[in-house]
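Order of writing sets the chain letters: A, B, C and D. Residues in each chain are counted from 1.
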Amino acid sequence: MIDKQVISTALAVADIPDGACVMIGGFGEAGSPTELIHALIDQGAKNLTIINNNTGNGEIGLAALIGNGQVKKMICSYPRSRHSKIFPELYRAGKIELELVPQGTLAERIRAGGAGIPAFYTATTVGTQLADGKETRTIDGRDYVLEYGLQADYALIKCEYADLTGNLTYNKTARNFNPLMCMAANITIVQARKLVGPGAIDPEHVITPNIFVDHIVEISTPLIEADLIAENRRYP
Amino acid sequence: MIDKQVISTALAVADIPDGACVMIGGFGEAGSPTELIHALIDQGAKNLTIINNNTGNGEIGLAALIGNGQVKKMICSYPRSRHSKIFPELYRAGKIELELVPQGTLAERIRAGGAGIPAFYTATTVGTQLADGKETRTIDGRDYVLEYGLQADYALIKCEYADLTGNLTYNKTARNFNPLMCMAANITIVQARKLVGPGAIDPEHVITPNIFVDHIVEISTPLIEADLIAENRRYP
Amino acid sequence: MAQLAASDIPDRSYVNLGIGLPELVAKYVPKGREFIYHTENGLLGMGPAPELGEEDPELINAGKKPVTTNPGASFFHHGDSFAMIRGGHIDVCVLGAMQVSQQGDLANWSTGTPDAIPAVGGAMDLIAGVKTIYVITQHTTKNGTPKLLEQCTYPLTGKGVVTRVYSNLAIIDVTSRGFQLRQLAPGITFQEVSDRTKASLMPLEQEP
Amino acid sequence: MAQLAASDIPDRSYVNLGIGLPELVAKYVPKGREFIYHTENGLLGMGPAPELGEEDPELINAGKKPVTTNPGASFFHHGDSFAMIRGGHIDVCVLGAMQVSQQGDLANWSTGTPDAIPAVGGAMDLIAGVKTIYVITQHTTKNGTPKLLEQCTYPLTGKGVVTRVYSNLAIIDVTSRGFQLRQLAPGITFQEVSDRTKASLMPLEQEP
């Protein structure tokens, strides 16, 4: 029987090499695979390109990965937020690259990367400086810019239920970018709050079909980012 | 409270004008809104452009709509099948137009139409006669053709559960094109096997969110196409 | 402002509210109307903030604050969420602004200064995709600089997209001929609004 | 043929089977291996045909025949289904053929005659998106016309995509140098296969 379980986060991320492009799910705290990110900090891969909507909060999770000097470039839509300080400091110091992508275009580029669409047109950014240098085209009298699909070597994903074959469901707005990133990464690594047997998830309720999932670690009581930030905790 | 119920299929399709472009869900019999199609036959709108994967079977449903002379043009991927005879006859007689689109490109064009993507590139049809006259582009060393989004004035949809606000679920492989067409049509008309109250469908299990749905008719015991075909039934 | 904006939104509209001032619109749903709130991080049918202690860190809005769900809600991923936005399915979006031009250009994502961390989020997608864009804003910055201008000086979020501005001084339509006063706030004169607007403002009488 | 094709598919592969002859592959899963069958009308984890009387007209395969689901199955819409295909997530596709050229071109959707009703279905998407394309076919048409050719004469489904052909006479690889015999059916000689192939066929000895 197909069994994609891995027994530890360390084993799950062990093969991620220096220079890899890694998609990390989540929107703020919701759906963020914090334990997998911490394992990647322990593992130490460097010169990473990270795709996430944000740049992490406080000194844990994605912010800690950046603070640990492992990230060469961020591709994201919103690199500043209330509790974000590590990325802004490094960015101002010229120590990290940024590709700023509108949130909807980021989502669509990831979906395109997973769906075999190399490029598409969108009206988002037309007439703004984010369209500078981009190819444009008029279709039925409206202007559009050409955007390219995004793919990654790895995706780090948080889900609610996973079955052993890799079917996933998510909790509420923790769904966000996770299902898209599962599609767009060569290797998808998932931390599941609950790992169940094949057939335990109704086929009608599967959000990410198992074809998009490679490795699963069960993390039944994941860290709650807001609590860690309130306590000024840092990782490691 | 929002209540999108309409009391009859006749009322639901009453406003569809001559010359309309209508998407019809279903893949073969699964997910086909047969009662809504029959209401459209009774209603009599002419010169329709119909988007469906097939062209109907026997002399009921979509095949009957075509047979009734209401369809000017079909956009589909597979216009012949075991029980399909009406379309082939009209096509050979030059009495109906056909735009043949590969099944995956058809799905993606409908999804693009609903998602505000006017055009995208795909490798499907490259090097074949279905790419004749289409713009091509080489991206990262591979050739792609440019395909345009598809939108419609109306969509006729079959679902399993609908709540009064318009959230939908589907039965097994009856899902097929239905959720995409809900997105891509200006007015989406749904026949539901079971109409329930708001909140009766778990927000995690909604397949088509209510923003894509306009009118719902409850048809609790829909026609079974295979049975009608076995009995050589025709409509009207 | 928020109440007046809410009163202009038709019944059964699908509405997206920007972070900050626009969020207040949700408090003023007019009697007899129902709005369905969309938040771009994957929820339709968003309800008000939860009671203290009832928060779920994985049930949040685009501003990353805890919210609830109303009956008829649904969850979806970012791809589907922005399909709703980009595909023109959201009826009304209420956004904040740094600057609005008389052509309806909006600037609300960056001051363009060299040390600013650029952050756009979903603003450009909303601007490009939603049918009707309302702006809700203080009429001037804290130090009195006008936000309604002949031309935006900050980097644009989108061109020719804003149809109406709700400020603390007035409601102003963006028309093909420029800013058109629609309604004054109580106790405010046309001259006061005009003085704080760095573009020509057509008074009520000149309405076509 | 079907059994030999099945024996070449690695364990845990995601497999799409074309309509007709290729469907037989599902009967021959080698011991110790598990394949996950994808059907493009929206099901992963497709199981065998149901018992008589257990059919659900809304649980069908791409050939519109009733099927079942295996544990771990999932349903999805056509957009997601062809994202799996186009995005390169399906490992192996086994298709029927009208013609295969020595460059790996496949023709299996239309004879190109004026009165033919053109119907392509999902064949061109599968051809363009799936990593490995196997063809399973009779070596010749019913009246003996070769199907393996120097060039296809029917309209193409895709160019340079077929990697291996399983026929009733032989297993033949499509290589950069053309058709390469890989295995003869029991009792069949190289000459017999070569005579029924309208292109140069490299015998086993010439394998690089």
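The criterion applied here is as follows: a residue touches a chain if its C-beta (ideal position, glycine included) is under 8 Å from a C-beta of that chain, and two chains touch if they have at least 3 such contacts.
Remember, predicted model here, so these are calculated numbers, not experimental data.
Least step count on the touch graph, subunit A to subunit C: 1. Centre-to-centre spacing of subunit B and subunit C amounts to 36 Å, using the average Cα coordinate of each chain.
The distance from the centre of subunit C to the centre of subunit D, with each centre set as the mean of the Cα atoms, comes to 54 Å. Between subunit B and subunit D, the centres computed from C-alpha atoms are 28 Å apart. Contact with two or more other chains is made by residues 43, 69, 75-76, 79, 82, 85-86, 129 of subunit D.
Listed for subunit A are residues 108, 111, 115-117, 122-123, 170, 172, 203-204, each touching two or more other chains. Which chains touch which is summed up as A-B, A-C, A-D, B-C, B-D. In the complex of the two chains, the subunit D residues touching subunit A come out as 12, 14, 34, 36, 38, 43-45, 69, 71-76, 79-80, 82-90, 129.
Residues 39-43, 56-60, 64, 75-79, 81-82, 85-86, 105, 115, 117-125, 127-129, 155-159 of subunit C are the ones touching subunit A in the complex. On the subunit A side of its complex with subunit B, the touching residues are 108, 112, 115-123, 137, 139-140, 142, 144, 148, 169-170, 172, 203-205. Against subunit C, in their complex, subunit B makes its touches with residues 1-2, 111, 113-117, 163-165, 167, 183, 197-199, 201, 203-204, 206, 209-212. The residues of subunit A lying in touch with subunit C in their complex are 27-31, 77-82, 87-88, 91-92, 98, 100, 102-108, 110-111, 122-130, 170-180, 207, 224-226.
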